[in-house]
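A, B, C and D label the chains in the order they appear, each numbered from 1.
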Amino acid sequence: MEIQSGKIGDYTELKIIGRLDSNTSLELEKELTGIIEQGETNILINFEELNYISSSGLRVFLVAAKMLDKENKKLNFCCMKDFIKEVFDISGFTAIFAIYKTREEVIK
Amino acid sequence: MEIQSGKIGDYTELKIIGRLDSNTSLELEKELTGIIEQGETNILINFEELNYISSSGLRVFLVAAKMLDKENKKLNFCCMKDFIKEVFDISGFTAIFAIYKTREEVIK
Amino acid sequence: MKKLSIQNRIENLEKVAEFVELFGEEHGLDSKTSFELNLILDELVTNIINYAYDDEDKHIIEIVLEKSNNTINIQTIDDGEEFNPLKKNEVNVKASLEDRKIGGLGIHIVKQKTDDISYERKEGRNILNLIKKL
Amino acid sequence: MKKLSIQNRIENLEKVAEFVELFGEEHGLDSKTSFELNLILDELVTNIINYAYDDEDKHIIEIVLEKSNNTINIQTIDDGEEFNPLKKNEVNVKASLEDRKIGGLGIHIVKQKTDDISYERKEGRNILNLIKKL
């Protein structure tokens, strides 16, 4: 997994590339909770190049969502592949997160 | 790292054996937050056989402490080797956690 | 039928991923099915490595994949503590964010992504058989 | 002087641990010093692997340990993005639990466990020199 961070509009964008599993989730957890602790609340997770996710990866987003919830903010996602979207669906994540098809929709 | 879980008095005891670092901290984070989510608030972390800890391990205890703090509970530790106690000291953990020399002191 | 034996080390999940990929190629599975097989085995084997052993010894975990006409049979065998995932309480994935538990998703995903699960404890080993319809 | 070159994979932290242990044995360091050397390098190298690279390529990280009379010189070299840990804001380790930040302990520990740190950016590489008194 690699994480590319950047900006789109008012959002901090994290693009996650490759496999997000028990071997890589700690790296993301540190980076994402670090950003939130620094006061960033507009966050977009870009899944365009994410090929794999397991429950170890999903838990990172639950941890982050709970932190953002205190600020009444949701975590935003875009560009999920269908098979990853399905994992989000069965995990009940569709109700907890804001999920967009494209990056552009998020900043609209 | 291995985690041995058991009971001592009213406490759930987790004995952490070996090395607690970025390769093993996720396992502990899952187990410890799992126990707290199940409603367990009297928790003793036994460091008797812990030989190594890095900041990836320390962060697990911060995460757990923040969860327990909502229930007005502290996380308890015992049996730390001196060089590990020193890492706790410089990390400001001595003020946040309850640290005991022996297991028996905890349940007194 | 394809078998893999691995030691209880978290790095070996890479071997599981390669094993599933090869199985998928050999049987012409589509990428979604391969992904889900990898996910199911990843969740099960991660749990065995993380939770099944109380000691620091080496243990062997066995994985079997077999394709029949329109199903895939998945089997995991380990000599860890007795653990029947069917008896585990379901996590509530409909809870509000505040009440939502962080753990418990692994077994939930395995149940959702398979069509039948049976568990057996035999000679000190956990034997889990799962069926996934194609 | 002892050198180690590793690829930017988190599993390679094991090699760092072995390297430090060997260095400690060769120079008769006590177990506390060996532990602290391992910790310092673990924090630095983990950060390089996790934060320094934006691509998925392979990169080489170099580590040098050298013992003189009463100091140990530690050097890390990487070709990641420019990063000077001396310029990083200190984490507040005296904050109450509620205000306490979860991150930022790694660099704090490195600063606490060494006696001098200097940073240089040269030819696209980060060169960090640390001195630990014995």
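Basically, a residue touches a chain if its C-beta (ideal position, glycine included) is under 8 Å from a C-beta of that chain, and two chains touch if they have at least 3 such contacts.
Note that the structure is a prediction, hence the values are computed from the model and not measured.
Here B-C and A-C were compared by C-beta pairs in contact; the pair with more is A-C. A separation of 29 Å divides the Cα centre of subunit A from that of subunit B. Mean C-alpha position of subunit A lies 25 Å from that of subunit C.
Separating the CA-averaged centres of subunit C and subunit D is a span of 37 Å. Shared interface positions of subunit D, i.e. residues touching 2 or more other chains, are given as 10-11, 102-103. Shared interface positions of subunit B, defined as residues touching 2 or more other chains, are 22-23, 30, 56, 59, 63. Arrangement of the chains shown, judged by which pairs touch: an irregular graph that fits none of the line, ring, star or complete shapes.
By the definition of touch given earlier, these chain pairs are in contact: A-B, A-C, A-D, B-C, B-D.
On subunit D, the positions that touch subunit A within their shared complex are 10, 50-51, 53-56, 101-104. Residues 22, 25-26, 30, 56, 59, 63 of subunit B are the ones touching subunit A in the complex. Residue ranges of subunit D in contact with subunit B, taken from their complex: 10-11, 13-14, 17, 31-32, 35-36, 38-39, 42-43, 46, 93-95, 97-98, 100, 102-103, 105-106, 108-109, 112-113.
Subunit A contributes residues 19, 21-23, 52, 54-56, 58-59, 62-63, 65-66, 69, 82-83, 87, 90-92, 95-96 to its touches with subunit C in the complex.
Interface residues of subunit B facing subunit C in the complex, by the touch rule stated above, are 2-4, 17-18, 23, 27, 30-31, 33-34, 37.
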